[in-house]
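Okay, so chain A shows up in both of these, paired with chain B first and chain C after.
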Partner chain A sequence: MGLAAYCAKRLLVGLAMVVCVQVIIFLAIQVVPGDPVEAMMSETAGVGPEVIEALRQQFGLDKPIPVRLLDHIVGLFRLDLGTSLQYNQSAFAIITSRLAVSIELVVLAAFFGIVGGIFFGSLSVRTRWGDRLISVCGPFILSVPGYVLGSVLILALSLTLGWLPAGGMAPFSDPLAHMQRLVLPVITLALPIAATIAKVTRFEILEVRTQDWVRTSRAYGFPTKVTFRRDILRNALTPVLTISALELGGLIGATVLVEKVFNLPGLGSLLVSAVGIRDYALIQGAVFVISTFYIIINIAADIMYGFLDPRVSKR
Partner chain B sequence: MSAVIPVAGTVTNLEKAEPLLAVRDLTIDFGDKSIVKNLSFAIEPGETLAIVGESGSGKSVTALSLLGLLGPRAKVAGAIEFRGQNLLPYDFKRLAHLRGNAVSIIFQEPMAALNPVYKIGRQLSDVLRNHMNLTAVEARIRVLELLNKVKLPTPEAKYDQYPFELSGGQLQRVMIAMAIACRPKLLIADEPTTALDVTVQAGILDLLRELQAEMGMSVLFITHDFGVVADIADRVLVMRHGQQVETGAVDTLFAAPREDYTRMLLSAVPSLAKAGYRGNAATDVRSPVLQLRNVGVSFRGRRGHVLKALDGIDLAIARNEVVALVGESGSGKSTLGNVAAGLIRIDQGEVIVDGTPRQGAGASSGLHSPSLHSPGVSMVFQDANASLNPRMRIGATLRAALKWGRRYRPDLDASDSYIRSIMAEVGLGPELFERFPHELSGGQKQRVGIARALSVKPSLIVADEPTSALDVSVQKTVLELFRKLQQQHGFACIFITHDLSLAATNSNRVVVMNKGRIVEQGPTADVLRHPSDPYTRALLNSIPLPDPVAQRARRAQREDAGANP
Partner chain C sequence: MGLRRRTFLGLATAMGVAALTGSNSELALARDSGKTLTFGLSANVGNLVYGPSRGAAQFIVNQQLHRGLVKFDENGRIVPALAESFEAVDPSTYRFTLRDGLTFHDGSPITSATVKASLDYLANRSVGAAIYAALSTLASIETPDARTVVIKLSKPNASFLDYLADPNAGISPASALASGAANWIGAGPFKLQANDSGVSLTLAKADTYYDKDNVALAGIKFIYYPDSTARTNALIAGDVQMIDFVGWEDFDRVEADKKLVLDAVPGPFVYMLFNTERAPFDNPKVRQAVAHAINRENVVAAAFYGHGTPLNGIPVSPGNDRFDPKMGELWTYDPDKARALLASAGVAEGLKVSLLTSSTYSFFRDMALSVQADLQAVGIEAELDAPDWPTYTASKNSGKYGLAVAGGAPSVTGPVYLQAYVVGAPASSFGSYGYNASDIVAHIQAGEALSNDAAARAEYMKAVDIIRDAVPFLPVAQRSQAFARSNTVEGFKNLPGFLSITGTGYMLEKTSIR
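Presenting the complex of A and B:
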């Protein structure tokens, strides 16, 4: 099977999975008691039932559930995610405006987490202090929840030392301020990933190091560094990739909390507030984007797998 | 016409040159355990020295120590002088220059010795460019030359293939290409053919001899196989417990060994020439224990590729009879053994055990469940170590087999006293009852395997290469035991082996398999003395004879045949 056929098959399965997630989310919100229009209007005094009914009709909430589900799924394929109750505009527009910050966070955190993890994992095998660093800091980082870590970082680096802003976002037009505001959230997100990846990398390196081909590499006079890079680290990366893909999935969930802690206008914070007031279109839209992203990452990881281990792609 | 004709295996230089490699008082310790003690030997230019010994003799450790490959735990003392320079204590900078360059090495498992994620061509050109200043294009040309030189078929295609796409023999040729890439003075070969089939082994040994003659390099050959020694060595060093037992020219050592240990090793070597063939068994062929009719098994491989592991197999085995299944890896002999033991489902044909249909037409019961009138089949596995649960004591392992058997056959005795009596029968002391597998030697573990197979009183035992993991001296005693038990109990036996000389001494009938089919079968002595199938003949001719004179004669004959086909 060629690579193109393989990707096509995986994408089709991925698409089916996105639709399944949408159906489950749709039904799940319906099961939760409460009505979005009533929730919205409860703050405003003296709204009659006829107003609420009119609003319902406007948002299409009076139709039976199967019809609404079908409308929603069909809409997905036209990238029409419905209208947000809260903002009264296209959910798609709101989500795309919030997406940039989240993507930035996820990409930067994934990059630093994975690269840093591989770096420190390798270091822990090659130096004694690297080993200590991993065995002391790793469990510490992993045992502290992300929002606590974020809060501690804000307390130390922003509030006490005043080195970095505590939260909020600056536009791209001001790159320095923009970057400054990303530093702490990215550290908060990347550290646990780095700790996990470092641990896996270390374990895999120790495993690969005993293989015969490493002995061959030494027996043919390759410099230690070449043997390490070419015959140990390179082979250790395949399982690291698997864990990285899983970690990225977790990362998307973690941004929700971190965006809240650092008060960032991202997709995660949007989703949290949308759930609070049952903004159906926004919840489903956000979940749609997140699940699509997750599935694409997994397909990418599987394709990468083929590149890292020829036995996978040729079989 | 007075040209000096160089004679193979002798040093033609008039003045006695200093040896290429001189090892003096080599002592290697791991922790406080001494693996090699005061070992001294020398290798002359162009000479082949074989170090022979059983597992644990320290022969491989010695080989690895020459290039400083033992790792930080090993303490190496003494002197290793290569071209007059002492390599000890190791100077790893200098060693890096030597490794793969003036001294190179090939290993036992070619599949494991190459990195699975890089193409063959890349791995070879990396080695070349590590020691020589070559551009990528120059390296590619050199690599293709090398692949041609080691007679790898379709080198251009192999250049872009990964190790897992090649066979074991092809990979060992790649390894040899890597080893000769920088024209070494010394080639260390650490059991290079142990993991290969005999016909493949013969090709690899031929290639090594040819390259050695052409390039004039010395070879240090590590092996446990006296047939291989007779084929390739000029001089031999026999090792035991890390020490030299004796050393000498190959002809003298084989003809007149001085030490008892050498004599014992030589006599333990299974040999077709000296084999006492077993005659026909006293048996009744009308009621076979196992009957296979037109059996076929297919495995589905990648990309819808179907491999016919067994194809149209007809075979009947009677009580009291030992049938040897011989063939090379991939011939289907183990698959056939597994079918007989009820471990594999067949796609075609019938399997009948003790007159009861087990698979195919008329089969209703499970694959292998025995019953009162059909005691069934048990199996002795190749890897005795892997076939024992490391967390179960020996007694418990044997009891487990009996308890399972009792579900079908309440007449079986699972008491401790019966287990102890079975252990005594296979020569295991009662003190081993409470031991764990790791506390036993390889030979003892295989005895447990035999006891387990025997304890359930089967009508047929399938022994799948039961001694291929054992040293020759242990192999001999285990096979003698097996033979004695077989004659006492009279069970039928399928003896799967790749070693024709073992088939000769241990079977009444031999079945030769190739590519999933039976190519020849008949009484052992007939088939092995007068093979009618060309494949059987090729197989027989590939076994190196444990006699340097006879082996040289046969090699000359083969080369003549190769020269004028």
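Presenting the complex of A and C:
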């Protein structure tokens, strides 16, 4: 099987997985007790079963489950995720606006986490104070839950010192305010990634620097910095990149609590609130986006393996 | 000598950090000079929909964008709004005269026909309008000329004007009168300027508003803060100048800050429901026993951090002449009496019941835990069932419980509000499952038909006497409902009682920033 056929096969499997996830989620939320219309009307006085039933018909919730499932799957291919009952808006429009916030958060946190982790991991091998910093701060950062870290940062930098906003999001049209509001959540998300990456980087550097080619490089008389950058760090980074990809994959789910603490309108908090009121269109849409994200990362990884190791695509 | 790369990067970073941190207060100052109020709102209101009640946050936004025939003033009284004047022709007929030259934000005119179309739409049962209970008795709406509206009801309703002041009863244009239609264009003091979906809503003062000369703010920027702690943090940090629904756990933090003002009033109430279709709560004596078993002080302490008022009877709205103080004195905390009542009902030993609450709201859960301990003390073993809100709602509406915790925020100040709470589910989702309240409703309706307050009060008291003995629902405590604001914000007032939720939003048009 050639590489093109291998890629096509992976894409088809990915597509089938997206549909499967949607069918499972659709059926699962039908099984969970609680009706979206009843929940929506729970604050209106004098609502009886006739009103509930009339509204169910209005929103198409009285149709049989297979019909609604088919409508939903067909809608997916047209990127029509339905209308959110809670917000009275297109679910697709809501999700794309929230996705932008989540992606921005994930990309910035991953960037600073990975770059910072590699920097401090390298520093820990090359300096004594760097080693102590990683030994003391690494376990501490990893042991503190994100929402605690976030709350402490708000208390210190926003409420006490007044340097940064305590949370919320500003539109892109106000870039300074927008960036101000991202500083603390990005730090909260990036620190644990940096701590993990720093540990792995440190371990790999210590491992690689005992290799023969490093000794050879030194024997040739290359400067220490050149040997470190070219022969040690570069070789140590392969497993670091694998860990980084895993961290990136997990980050989109890990943002939920940080979104809550910093009042960020991201995809994770949207999904949690949608489940809380049985907003079917939003639940299915958010799961569609998140599952597609994971599946695309997996497909990309599979295809990369195919490029890097031709034996994989021949299996 | 040129800058070294590392020095340059260091300087650039320092300048970036300074820009990101140092200018926060400057930005806030710049906003203030424009007299735009930044308001941390407790929920994302989504795309406004006309008619149904979608919670307190949407009420506040509705009251800025929309205006009805009447509204509440700072003393909780009904005053003219789009109507220049109004009169009760008889107990079932109201005549409104509209102000001259009224228009919506888009410039389209508001006439008596516009008002009729709006109210006819809200009277359609399938819309699920918040004021449907009042409009269900609508007999006709006549529009003899472009500025006169005559509303006739099939039976008297002394609280009809209160319903018309409901935040969900603003007059809307024809484009909003359809299922799923967005309801952004209104006749209120502010108009929509920008909607940053899920983040904020920016409103600007509307030149079309009939009372625009008395609106001090240039605009209001609502920023969504669904998390209570994050909302309070934003106020303390100066990110916003005002917030709604201050969490009870944050009252002390706000009060400790000299730059902030906490405006708390007794607001909505919490109560217990009974499944009256099955034993043991089909027996009024058992319901009375529960009424005497619950220590309301403990509920206030556990659920509201002490920020509430225990209720020993039905909650009454301050300033409404139709309430009798005796209505608030129906049951006392008396565990011995509770045990005696259980004994006389024949269920003194080993009574086990299910107690439905919801894990979605911490005060629901904490109230249930407090009630559970009190019931245990009189020999009732209550097993807690605490699902999320939709499951709780479904269980409540279908009678899958013995006892249930519930919350109420009436939209009218008069005793007619009781109807929604005494009529049993499934007919009314606020009531005890299976309870037949026809005798109570008959007295309330008779009271509504009377124009004399004293005579009406006597009629309502007959309804309350039945409530005391039959306990169709059991009010437990009135919770403190608070707004908090910077001390530079003036002219705002949190209306006490039920109006804290449904009337306070009207106060923003009188608000200014010093």
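Criterion: the second predicted complex is superposed on the first by the 284 of 315 C-alpha atoms of A that agree within 3 Å, B and C clash if a C-alpha of one lies under 4 Å from a C-alpha of the other, contacts with A are read in each partner's own complex, and residues count from 1 in each chain.
In this text, contacts are C-beta pairs under 8 Å (C-beta built on N, C-alpha and C of every residue); 3 or more make two chains touch, one makes a residue touch a chain.
A quick note: this is a predicted structure, and the numbers were derived from the prediction, not measured.
**Q** Figure out whether A:Ile94 sits in contact with chain B (first) or chain C (second), or with both, or with neither.
**A** second
**Q** For chain A, which side has the bigger count of touched residues, chain B or chain C?
**A** C
**Q** By the touch definition at the top of the document, which applies to A:Thr127: first (chain B), second (chain C), both, or neither?
**A** Neither: A:Thr127 stays clear of chain B and chain C.
**Q** Have a look at where A:Arg218 lands relative to chain B and chain C in the superposition and call it first, second, both or neither.
**A** first
**Q** So, does A:Ser143 touch the first partner chain B, the second partner chain C, both, or neither?
**A** The answer is neither, since A:Ser143 touches no partner chain.
**Q** Tell me which partner A:Ser273 touches in the superposition: chain B (first), chain C (second), both or neither.
**A** After superposition on chain A, A:Ser273 lies in contact with chain C alone.
**Q** For chain A, what residues appear in both contact lists, the one with chain B and the one with chain C?
**A** Common to the two interfaces on chain A: nothing.
**Q** Give the list of chain A residues in touch with chain B in this complex.
**A** Against chain B, the touching part of chain A is residues 1, 211-213, 215-223, 226, 230-231, 234-235, 308-311, 314-315.
**Q** What residues of chain A sit close enough to touch chain C in their complex?
**A** Contact set of chain A toward chain C: 32-36, 38-51, 54-55, 58, 83-84, 86-89, 93-94, 97-98, 154, 158-159, 162-171, 176-177, 179-180, 183, 260-263, 265, 269-270, 273, 275-278.
**Q** What does chain B use to touch chain A in their complex?
**A** 67, 69, 95-101, 104-105, 107, 109, 112-119, 126-127, 130-131, 162, 164-165, 178, 302-303
**Q** Show me the residue ranges of chain C that touch chain A in the complex, using the header's touch definition.
**A** Answer in residue numbers: 19-25, 27, 40, 44, 46-49, 52-55, 125-126, 128-130, 132-133, 136, 179-180, 182, 196-200, 223-227, 230-231, 233-234, 236-239, 360, 387-395, 397, 409-411, 417, 419-420, 423, 426-430.
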